[in-house]
């Protein structure tokens, strides 16, 4: 089933807030990896410079839209963050809240 | 060349089995990162809660199909696992077993 | 906005060179994760076997082309490396150097 | 005995464990880095292996073979007893019963260490070859339980369509040897057996220069390790409800039964009270390092919430706080 | 005093810090693995907690309550003084002023440790209960400063469209308790408070067996930790220009003011010169572990470059090299 | 000597290395976490740096300069000898010959440590300034070999199309300084040179408090590190076939030649037998930390399977087991 993969890279301090938000915006799960990054704010994301979290979640197109809006409303102004969306094919789409 | 990127997130205990299977199903390589995750089975993937493996492999469309079938037949019932597929463009596609 | 996501997996020794090149080829940022991998050169990427870096960057289609060319010209012959490109949707595309 | 229990409750390792539990209960973000957890467990396992080997180099073989037989008997009896309790009394599925039994048939190295520290500080230290017994008990219990599970499960499938059953049996065979090898070559075995052999070869003289590192730092490192164990155990507390009353009872009573078996066999084999108490603790403890991946691979339909919650969230703290003093008391009674 | 300063400059920890700075300046790729950094900080915090607890078990409560009051006074005075300096003299925004003030109101555990080592090697060791004071100072300063920031900011927003303001206040309330809990349950507090309680319970007797690990290794581990601190501080040097002359002055003069306040209050509370010097150092130091995430969440519009660069790149090295001997000297003067 | 060889074979570090090899051969999943490996190597390097510095502070310069000259001579002779053997006798490509020669021209710090332990336990400890010589040998050999490689390669390209050649030379220049800087500022150099300078500055008095950490734990940490070295070396064993008979011979005979050169030069420079044996070991050893990335970047067409397998899978174990006692014996002969 065609779904969306939303990938968010963000300062570690926001991880709990963002995963809590993902849940309430319709994500049924997510995967987090430790990452380092460089962007417009330089290489500083955490206590140890450059440290960050890469969060990815497979969701329906509508949930993906909600997530992007949430991220841009709450975090674009003040935080080191990027979010991007791609198309993925997944089995058992209903498990991940596929649009019907 | 247009290929498929198959991403699998799974409990650590399955990593050796799955990479062995990838090989026999036509993957010529793969990349593994350590990940944490939350899904329908909560946050427990390994000895240390939440620990998991994110395996990604660039393969031909037919190999991608075989891999998804293999995963869903063997692991969907009993294991914490997700697998999704996206389209990627890669140079030297033949190196990764591109369909001809 | 529609952009490209370029993902490069490479031996650790090349990370500084490649991120420097990314910058000069038009990338405004990138995210790096530690990875292990297996490919045509076996599982040896670093001091500790199998160790590698997974670098991903959201860029314009033209920058993506430049990056792939650079990678294949400089590293395909002698290094353990893979690079692939997928389509992503991103907010604030101009921030990441979107084609206009 | 009240004194010993109080002393146990106020030992750094029990308090560090409690701190870990409390930290999780107040929802602290505090965790030990995963690599630190692994590094500490490597250090602790290698240290007891080495030290056990050095002491084994001074043990006449004659004093050692009866305890070894007792240990192997523990390795057969405890998983069978556990399986019967779960399947007959608890009416659990074959897979769940066997999966849990595999954990109780094997042994938790940290519980072992805590018992060694306890009997030593009680003035009745265990024999120096106990770490050797530990390595003997790691694997058999897991395999006895898994064998029961796989055999019973294929019996059940005899009624199922033939081709399916064949496929299942085929893949079971393939995985069986994989599982066996994984346990025998796992971290715990490499470090314990390897440490033992090295200790045996280097003897007292070779031990001296590495002693400050492996002995001087041991108790402190153990303290930090138990802090992490507290975090891990508390992580399981949320699942206690899902586990149900029967399993909670099992997680506290089964250790007492298995522990009594271990103490009695140890006494029979001529172990000192300290040694019998440690063997009892080994019998009573539930593995949470070697057993979980083995069960996950060999019996995937067994519910991991059951065995992980029991081993880490119930039986480990139970033994640490109540069980070890109890097995010690049993051993003292028998020795009178 | 010249002697002490020279001795300080030639101490392993200051030299290790300098090595870290130099390594970064010559653009070495050398870094400590992140998990090693975290492991060392866990070790150091737990060790001072434990040791502090053991010593606290021998402290009569009567000698302790005045210094505790002095510490809480430091926790209120230093963030307020810092806020006023930044807002009134420096004309910084409310968020930036409050964000920086939160760092100076809290305390840097490593600076604390360095001060303890300094006064001990100067022959004027601090009282054994100083680590307890450390735990008292961790949180209040952060909350005083954040409270100022949030209240002032919502006043400013009174003029803004009503609905926006309401939304902002609503979300502030939600986040406030989150921030408070995060600081009180963070790594530093769990290890320090937990260590103190464990140390208190185990006393001298329980401390003995873990002492080689927690005391014998302490200074060496601290040396490696300061190597990493040097790398982290030097990482910030590139931002010194962005921070501006006022903040550079603030990062060196404010510690002297806060340090004097701390020394004076410590003296008033009856601390020995060593103890007063350490309390002064606590007052003078700027937190770079607990404060940054709290400020990031509670005052996201405050510029992290300011507070991180100041705390790590300016005030930490300043205190390490100049501040600690100075507060010690102040304490000696007062004690005459 | 048979005694010493047996003692060497039964030393904890050789046995731990063997355990690592065996673990890999039985296809154990056991590995050390990468961060533990890095942490241990930081600890070991910093410890020998510090200790070397402290001892250097008691060395008159006059006893030191001849050995320093001998070391630099080793740094020029061994890569040249190695290059000639590979290119003339082995008929390897310029890049492969120079790449391998760079590894043999530089030095393996762990082999150095093993040699120090060996000569000390043989009752002929090396001079305290040997760690200083170690830092002198790290870089030159790599650069001599890479220079040969790059010069020879561009000569070869003189025939190639002009534009290509120019581009190649251009990029070589850019990368050359990058490589040089990378070696001089790498982990090994920062910790060794930094440790030396700190040790020199703090002297005996400053060393005392950090000694339990850096000296007491040294041999134990080394044991665990060699366990990991065994795993890494065994990882390479599968490639032995790919490497071919010539290189296998090279990996065992070249160390003997280079080792003899080192011992002789050490003797000439007035080193004690222990010191000459350690210098011989340094000459004989092949770098596997500093050299590989330098060669990878400067000579990408050199085959990493060759140099990694030789340095880690052949020469390191050879020196550990056979070489060190042999160089020690040579030094004793010369000293007679």
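By written order: A, B, C, D, E and F. Residues from 1 in each chain.
The rule is simple: contacts are C-beta pairs under 8 Å (C-beta built on N, C-alpha and C of every residue); 3 or more make two chains touch, one makes a residue touch a chain.
As the structure is a computational prediction, the values presented were derived from the model and not from experiment.
Across the two candidate interfaces, B-D and A-B, the one carrying more C-beta contacts is A-B. Look at the contact of subunit D with subunit E and you find different residues on each copy: under half of the numbers used there are shared.
When you average the Cα atoms of each chain and compare centres, the chain farthest from subunit E turns out to be B. Centre-to-centre, using mean CA coordinates, subunit A is 33 Å away from subunit E. A separation of 20 Å divides the Cα centre of subunit A from that of subunit C. Computed from the mean C-alpha positions, the centre of subunit A lies at a distance of 40 Å from the centre of subunit D. Residue positions of subunit E touching 2 or more other chains, listed in rising order: 29, 33-35, 39, 212, 216-217. Contacts with at least two other chains are made by residues 33-34, 86-87 of subunit B.
Applying the touch definition to every pair of chains gives A-B, A-C, A-E, B-C, B-D, C-F, D-E, D-F, E-F. For subunit D in complex with subunit B, the residues that touch the partner chain are 34, 37, 232, 235, 288-289, 292-293, 296-297, 300-301, 304-305, 308.
Contact residues on subunit E toward subunit F in their complex (touch as defined above): 10-12, 15-16, 19, 22-23, 26-30, 32-36, 39, 212, 216-221, 223-224, 227. By the touch rule above, subunit B contacts subunit A in their complex via residues 7, 9, 33-40, 52, 54, 68, 71-72, 76, 82-87. Across the interface of their complex, subunit E is touched by residues 33-35, 38-39, 42-43, 46, 50, 181-182, 185-187, 190-191, 194, 197-198, 201-202, 206, 209-214, 216-217 of subunit F. Residue ranges of subunit A in contact with subunit E, taken from their complex: 11, 13, 17, 44, 47-49, 51, 77-79.
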